[in-house]
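Report on the following structure.
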């Protein structure tokens, strides 16, 4: 519900509780206390000055690929669509 | 040395520590704690919001009369001038 | 058919409402403030153009005169006026002092968050009334809101535009030795009326500010000198710094001295008394409805008569003459028979205790 | 021989000095402030008249245009400018948006006690430079000082006077269905540059304010339409409230709707990023060096070409069309292929967390 | 902007739209609730509605933290500022939520109006900023009015823990943090949904950023027990469209699963570090009043006794008093999905974003504000001359 | 205005002037010191000098309370405001007296400049106003910088007594009250007057309002022991002229008496009520630094131990540090009557009322300011064209 954005970690501060992140050329210092494993180059999700999570690049690729497959489907049938991650069975 | 002005007591406040004084139509509330004997109609001398003394109307008349006598003296000799109040002898 | 409800804006609560930051953000709330408070108060066709500015007919001939003043008075409401009418008079008069007929005003408001809308409306209405009385139109404006503690209720900057007839030049550099110094009435009322309301001073007096538009008076003076308007050398309104400072400014700009007669300078007895009480000199106390006129000696009587014949100049007096003086001193023969310099205001004109 | 020492005034300490109440009292200290800071910064013959106003030559023909703006920005110095040049551009542009050539400015300063004189000088110099670059003269002014805690460093109200050629009318009520909507460049830089300096937001970006005078650009647009100046229907600078609010104002005044193409609205990538970060919409962010032009469809290409040929319009774009709409909605076809209303700014354009 | 722009691509949007059109069963209608205001905002701002088939209806849920804050809570914050002289810090739109009518009769107060009446009320961008205000004003009480769902709770927990470490004597939090799953349960159990079926709900677009913190597991019960499909989706427009497509497929296929469209950021378990600090500082409240939903059991957090000195309710001895919404305001029904903004008599007349009567007209994530600012054109045609 | 206008009458002034001209002995020159700044101001403002015979010279004395305040005292007040965060209240012109050069190199500070640098410094019109400031700001220390001679001391004493009665915890006084007779003694004992006779002094125009409080008796020693005539005079111009006439007559007749021209307000004993409250609150200081006069023994008052908690010096542990005047400033000599303003190299050039270098250029009762503002014309003729 709350505004949050993926931004790239540019550098960690000493002590490792804060980081400078970059979003399209804009840089801002944020807290990474909630994502202690974040490292330079990682994309974190920033909310009210705190990273609250991280982007999984492979999953992002998968999701985008899914969108891409739609093109292939356009003229075809809908049945063959790969099922996305399902965490509970039906 | 300090700015002070004669003003007429218009009314005393309850308790008698303050008074409203009039100076040429301008009215202001002041403290009369330092001139506890001041009464309506008296002229008090006001300094930083406090009456610090009172005008003695008779003495004021005497001083003015003294100025007036100078007119009479103008063409005459200076010897006859009445001596003002002297508080210590020579 | 559209099910969209018609544009409806809940009217401003001018009874108990307050200015908040939204009123200055430039969106719908800003527009509403302007439309519900300023437009009805100032109403005129130029303002109703609603542009970020006003397009106006160009006067036919003469010189264009512009003047501007920032108004920051405290208290905002004082005996005889308020910041609203004052902000009209202050600028109308500066235009008039250029010998010009004021035509248009612009108004820029800086409001402090939390300022009561009721007070704002009262001020706007007062501005509108003053403008109508002075015959000028408030044609465009701007409104900003600053956070509480970054303003002082309301500041109003006004700019006046007028036109001066050919041959009229009343700027401060025109005084010449031998000229006569006139003032249009008693001095010191405005400043004393304002001071009387300051909490820490708080005195009671019947004095009210003289705040008024003087363009009518200036027009009457020019009309009294047909073909000889050029003999009206200087007009200036003795506002901040009072008569003394204004005369010093003129002396400096014209490179002359002056000799005033203390006994001839009109001061109301109550103003005198209030000044005694506060340790002030009425010559340094602000006026907002008086003018100083310096004119050639042979038209002085005619100018004085014209002043006295006008409602804004009934108390006019001849108060001195212009002298040759490389030191540019304004001097005064005192009531007592002595002589002294009447200097510029130095620092603030503050109540003095010693 | 006179033993009086020559007039001497110890120069202002512009290194470490501060504005104090004396500088606003109207006496010698006020005069000194004006003479040592404002006069050299603005220098021109009208200002040097030293009157409470300025007498100016009357333009030959056309309409007189006046506009005013109060400037209350915080911080006073920001990437790409400061309140000084901004206060010139803001008003010069309002005059220009009336299709007029700006000629003169007045300036009214409200200084807070304690404001560093060095900053004041820097601001005044910036104003002077901006005025010279825009070809306008700051001809008269006023300066007041308020106590600490009753102001915010410095507020500057400026009023501009200009003249519009006959046949030019660019007011907000002139948009007609079928007209083309153009913008002179990327939007949102000014507001983002200012926000980037706010202590509590503090982000780093290369974005600088676009603050600039647009009278040259307007002159170029008019020059591109010889004899057809009337086809330039509306000019307006999308300042406070941004492009969205300005277009809504025009739609309201003209009684029309608009349809914008989101993909065609130019926004710098860094501005987009900063807006994402802050939860802002660049369409609502202030600009100080851009204009919106609404013109007849058959001159749109010529106008766009003229914009792009001018240094202030290189990033110009056609962003939409005017529609017939009794509801006066500004709508937008989104980049995604959807559609939505682009409403007035509501409240303040504040960083959003949810 | 990486991981943003790709998810706003117009060409792909057209393709998903085409898929939706292809796969939508013309015989049925689909009603999906997007729980989050973030989704509501994305749908409105990007005009997603235009790209959905006509028989797909998006129902706005109660997931706008500003919208669900009840009047009584705003009253408490105003009381702290105006009567107790505290500096009250809060997030942006909270400033504009109408409180109950103040002493100054007529319009209701709001934090913004209380500020204009002299209250020292400051907007902050982070709970950490409120801490900084407390450090900078040691002689003043500083209260952080903390609102929000699970996304926003961890930063508040960090601030309280930090205050405890620094032994800050003048900082406290008026905690209004609420829980997403409890609200969903409440809606599913509401008579309109459960018994009368007046609100058909065929599935949920599940929270994006809330789920980063809590993971996807908490939604599994909704799929299992209530037979409602849930698709967790990012807040970009393609995420929403894809989620709708996934929901539609579940409905078409008769499935009721938790699917995760936002797998680039959401795991089944969520953010353990964030959950830990929340658990350290907060505990469950027995019951909490939500605007629109009323008292909802175990739906919010309170500060643990160990941190009680940072709890503004304890510190100032505050007593919560429930205040009824404006009689004609339909916020409650709108938050429960029972009504649409245009069903409210006040919509667009006395209630506008400039002078909101209810909380849904405040934030651009609120259903009323979103419809007012982005969607009103919907009933009139565009006529280019 | 009764008791004012009568004493400013121009016609009578001409008559006294005529008497002065008649009675002045052309063979001698007369030098009278007006102790009080009030007399200095009256002489300047009304142009009294013009009405005195050319062989009468008025010498300005040290009786301007703002002028005699040494730099070190201003420094203390600034320190209280800027470093100790106190609200400092004081009387008008005190605000403009230059202090020693501050941390911000270049110009010296003053209370006014300290205010512009953020000091909370407030002008009051009465000691009672300072009390009121203390009541209104219970969380702040409020210090009244009390200056002045015996006229101004009783109101300060009343304020301290009142504070004690109310048990005001945040009010104190930085006491700089000084005593007139001590200063006169100091001048009479100065080598310039007593030994070298470089400053001829034929008599004193005695204080007006100071004498209302202390009476005329304290001056009797000057007449008796130093053989100097004293005429106590009111502050209106006719009072001054009349006093000069009376002094001239004493000189002409070889008398040395205390005469009382201001008998309408001054008695021999003075104001007993005022003396009583002063005695209750204050006691003599062993020594006090005066600007110009240096350390003068038993010339000032301090707060009695019983009221020590209202004594800012004790309360804040202030240490007085004497600071030398500007090297070229002649204030000291001017205050002792040794030099005239125009003898100072800085007069009217770097030292003006706008940017005073010394205290005599601050108050319009100061010799330099009075001459600058009122008297500078004296050397040039008025040429009406």
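As written, the chain order gives the labels A, B, C, D, E and F, with residue 1 at the start of each chain.
The definition used in the following text is that a contact is a pair of C-beta atoms (placed from the backbone, for glycine too) under 8 Å apart; a residue touches a chain by one contact, two chains touch by 3 or more.
Only a predicted model underlies this, so the values are computations on that prediction, with no experimental measurement involved.
The chains that touch chain B as well as chain E are C.
More C-beta pairs touch across one of D-E and D-F than the other; that pair is D-E. Computed centre separation for the pair chain A/chain E is 21 angstrom, with centres defined by C-alpha atoms. For the pair chain A and chain B, the distance between mean C-alpha positions equals 88 Å.
Centres computed as Cα averages put chain C at a distance of 54 Å from chain E. Residue positions of chain A touching 2 or more other chains, listed in rising order: 1-3, 5, 23-24, 47-48. Residues of chain C found to touch two or more other chains are 2, 4, 21-22, 27-29, 269, 272-273, 276, 279, 327, 346-347, 352-354. Chain contacts: chain F has residues 1, 4, 37-38, 64-65, 91, 125, 129, 148, 152, 352-354, 365, 376, 380 touching two or more partner chains. Every pair of chains that touch is listed here: A-D, A-E, B-C, B-F, C-D, C-E, C-F, D-E, D-F. Residues of chain E that touch chain C in their complex: 104-107, 112-113, 115-118, 342, 347-350, 352-355, 376, 379-380.
Those residues of chain D lying in contact with chain C across their complex are 2, 4, 21-22, 25-31, 49-59, 61-72, 94-95, 97-98, 100, 104, 106-110, 139-144, 146, 149-152, 155, 157, 159-161, 163-164, 169, 171-173, 236-237, 239-241, 245, 249, 253, 286, 327-328, 344-349.
Only residues 1-6, 8-10, 13, 15-22, 27-29, 32, 113-114, 148 of chain D touch chain F when the two sit together in their complex. Residues 1, 4, 8, 10, 13-14, 17, 37-38, 44-51, 64-66, 91-93, 96, 123-125, 129, 148, 152, 237, 352-354, 363-365, 369, 372-377, 380, 382-385 of chain E are the ones that touch chain D when the two sit in their complex. If you check the complex, the residues on chain E that touch chain A are 1-4, 6, 9, 12, 15-16, 18-19, 22-23, 35-38, 63-65, 91, 125-129, 148-149, 151-152, 154-155, 158, 180, 207-210, 212-213, 216-217, 220, 223-224, 235, 238, 242, 246, 249-250, 255-261, 263-266, 268, 271, 273-274, 277, 365.
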